[in-house]
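Two complexes come next, and they have one chain in common, chain A, joined by chain B in the first and chain C in the second.
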Partner chain A sequence: MLSVEGLSVDIAGTSILRDITLDVNEGEIVCLVGRNGAGKTTLLRAIMGQLAARAGAVKWRGAALTGLPPHLVARRGIGFSPEESEVFASLSVAQNIAFGTWTRPAPAARAQARVAFAYEVFPKLTTYMARGGAELSGGERKMVSIARALALDPELLLLDEPFEGLSPAIIPTIAAGIASIRASGKAILMAESNVQHIPDYVSRICVIERGEIIFRGSLAEARADPLVRQVASGLA
Partner chain B sequence: MKTTLAFLAVLAAFAAAPFALGPYYTTLIIPILAYAIALIGLNLLFGYGGLLSFGHAMFLAIGAYASAVMGAKLGVRSFEAQLIVAMLASGTVAGLIGLLCLRYTTIFFSMLTLAFGMIFHSFLFKFYDLTGGESGISVPRPSLFGASHAGLSKTAFLVGPFYWYALGLFAVMFLVMALVVASPFGLALKAARDNERKTAFLGVPVFWVRYVAFVLSGIYCAVGGAVLAVSIGAADPELSFWTQSGNMIFIIILGGLGQLFGPVVGAVSFTLLQDALMANTQYWRFALGAILALIIIFAPRGILGLITRALDWRRR
Partner chain C sequence: MATVDLLFAALFNAAVLFLVTAGLQLIFGVQRIVNLTAGSLYALGAYFGASVFEWFSAQGGSPALLLPVLILSGLLAGQVGFVIERVLRTVYGRDEAFQLLMTFAFVLMFQDVLRYVWGAQPRLLGDLPSVYGTLAVGGFTFPVYNLLVMLSALVVAGLLYWLIERTSLGHVVRATAENGRMAEALGANTRRINTLVFVLGSMLGTVGGALVIPTTAASLEMPIALIVEAFAVVVIGGLGSIRGAFLGAIIVGVLRALSLTYFPELEVMSIYLVVIVVLVVRPYGLFGKAEA
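Coming up: the complex of A and B.
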């Protein structure tokens, strides 16, 4: 469904991504692993249309996404929960989550089902739906950020470091949420810099180092690969 | 529910004013209503959208001149027709300028709106045949719903039929804005103010949301300007000068930025405060400046924020 073909991205004249090729198929969960500054976030932002490509293309179900602004990429069915998961401080939790039903509208029953599914993934959110976005903890903000992207009813969800900066107590809740999303059949492309956080159920792993993908394979293959082990030793 | 009750209380207070106050204070309330309408619009852009315009006095002037040119030069006395022309003219100008200004945010947006405001101010000075130059154009008494009210004196017309007309217009414009800010559009505007990038990631065309807010705010200012022109009896270039835009921003901050009732509280407080200060000291501008500084430092949510805080404290 998502194809990244030979994508190169420069930021302020510096080459950040070089000739990246990557596919995500229906229902897959692909984990992009690499240390900080390797290019994971840049790739996700380039897929979302926030960063322009110097070369290459991003395709969604065969149609080019390259050059589309972020809001149109989102409306095609790609949800994004960025690393800094600030929620909209002036909106309530419920308003934050309902956002996607306005921008990707659906019949009322379907829209309600989308919001209901977002709460089903993170049931804790139902207890503070009326709370303002500014009153949430880091873990709560992360849950709202993922739930908000889910309410768009994306076929593909991009998660940028979903466990980053969270207390160990909240990590199992987020991991369980991601497992529920995967079980619903949605594809996920997840960036992760901490190898300890990679879920066992990922379909494939791509290791990115200095803007290039240096390994593709299963989690087991990655663990056995000496080059990946060398890179992983530099990861948290 | 709280908003509805507050709105009804505000309406009741304005409705009681002509009976409780003399004609002088009633004529003072019409500019309050005019500014309240204009600032409800500017508050959408500045308070909810986070875009600080230093040029919105231009739209106030467009409304005033639309009323003046229609009434004095074209002989169209119907105030409804004048309002429609004011809204169309302002909406068109805002639509064109917005395409350029909204390519930027922060200070660049503010400076561009200031620049367009100054260009319009010069236009009003130089195109004498159309605008009357420095002295502007007198605004003849308009007809309201087809009634000319020719038998009434100027003051009787203003404190009578025109006051109720302006109050009705204010009520309608306020209710429309209440619906706008509570709609997904209004929430998207606030979200874009909080974080533009993340709003776009959720499928919101941020530029166009801001564009619509810009045009809507221009239309509101024009309606306010048309009401203001009738109440003061003239449209002159000073209405579009940048200090007027500064006053509009001052009033919103004084009342309570990004709050639905903020512009109304601000317009009432500013007009009464300015009137009282001007009557008592020649240093009234100094006093107004000091009050603005105090409000920003000690009550960033304006007078409305102080009132809300006091009510919360009493409840506890």
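Coming up: the complex of A and C.
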């Protein structure tokens, strides 16, 4: 469903991504692994249309996404939860989560079902729906950020470092949520710098280093690869 | 008696000032642009409103329709905001100085356009507010037209609150103001929201100008005179705050009325003395937010 073909991205004249090729198929969980600064976030933001491509293309079900503004990429069915969560502080938890039903409207019953599914993935959110976005802990913000992307009803979810900076107590909750999303049949492209956080059921792993993909394979193959062990923490 | 008249004049002035500064605040709140053209839009609304009502009267229109005709003409004149926003779009995200210079260029251009279309002489509609008569309460008489303008400002304040705080569109606008990149990644067409907000803000300015024309002459001095008061309102109320615009407009309106009554030569000084005090004591205004 998503094809990244020979994508290169420059930021302020510096080459950040070089000739990236990557596919995500229906229901797959693909994990981008790499050190901080390797280019994971740049790739996710380029897919979302937030960064322009110097060369190459991003395609969604065969049609070009490259050059589309981010709101049209989102409306095609790609949800995005950024590393810093970026929950709207001026809105409540409920308003943050309902956001996607306003920007990608659907008949009332369908919109309600989308929001209901977001709360199903993270049931704890129902206990503080009226709380303001500025009053949340890091883990709560992360749940809201992922639930908010889900309420957009995406077929593909881009998760940037979903476990980064979270306390060990909240990590199982986020992991369980991601497992629920996977069980619903949605595809996920997840960026992660710590391999220990990658779930066992991940379909494939792509290791990115200095803007290039240097390894593709299963989690077990990644763990056995000496080059991957050098660049990704948590493998040793 | 004089105190009640003074207070009434102050509140009428505050109502018009609120409409214009609410537009200014709305645009700053979402687009972070200090829109100097607010004064020019106010003058455009006044001139355009005068012309539209003259045309309406020449067609045999009833003077009793003064208020709705002026409001409609103001809404129509505010569509010029589409053109201004299209040009301003080129400087979004650039240094504030570019944005300020761009809106100042519009102020100067508007001045020539107003002079070219309506001439250099002030334009007066005559004693039209009298068609609505006066209202006698407890020995005092108030022009009904002025009361209707104050009521209109209150209705606008209520509608703005409802739009921003209670509707899904308002939530998207607030989210866009806070983090446009994230709102866009969640499907919000931020370009369209920026246009919508700018045109809405422009319409508030032109409606304010149109409503004031039956009580004062439209003139080429209007933009500067208004902007002097509007910035005082913004500083006192807090940049970007609609609530601040409401309270700030009342404070400036009362200050202006008091100084015009007792020290007419010191009108601007008395207002800006308060502005300086606010800047020193509470630099982000009564309802503004301190920079993080």
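Following the convention adopted for this analysis, the second predicted complex is superposed on the first by the 232 of 236 C-alpha atoms of A that agree within 3 Å, B and C clash if a C-alpha of one lies under 4 Å from a C-alpha of the other, contacts with A are read in each partner's own complex, and residues count from 1 in each chain.
Keep in mind that, in the parts below, contacts are C-beta pairs under 8 Å (C-beta built on N, C-alpha and C of every residue); 3 or more make two chains touch, one makes a residue touch a chain.
It should be emphasised that the depicted structure is a prediction, and the values quoted were computed from it without experimental measurement.
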| item | value |
| --- | --- |
| Superposed partners chain B and chain C on chain A - clash or fit | clash |
| Contacts of A:Ile174 with chain B and chain C, given as first, second, both or neither | neither |
| Which superposed partner A:Ile47 touches (first chain B, second chain C, both, neither) | neither |
| First, second, both or neither for A:Ile20, with chain B first and chain C second | neither |
| First, second, both or neither for A:Leu159, with chain B first and chain C second | neither |
| Intersection of the chain A residues that touch chain B with those that touch chain C | 48, 50, 69-71, 74-75, 80, 82, 86, 88-91, 95, 99-100, 102-104, 148-149, 152 |
| Complex contact set, residues of chain B against chain A | 184, 187-188, 190-191, 193-195, 197-206, 258 |
| Chain A residues touching chain C - in the complex, by the definition given at the top | 48, 50, 69-71, 73-75, 80, 82, 86, 88-91, 95, 98-100, 102-104, 148-149, 152 |
| Residue numbers on chain A that touch chain B, as the complex places them | 48, 50, 69-71, 74-75, 80, 82, 86, 88-91, 95, 99-100, 102-104, 133, 148-149, 152 |
| Chain C to chain A touching residues, read off their complex | 168-169, 171-172, 174-175, 177-179, 181-191 |
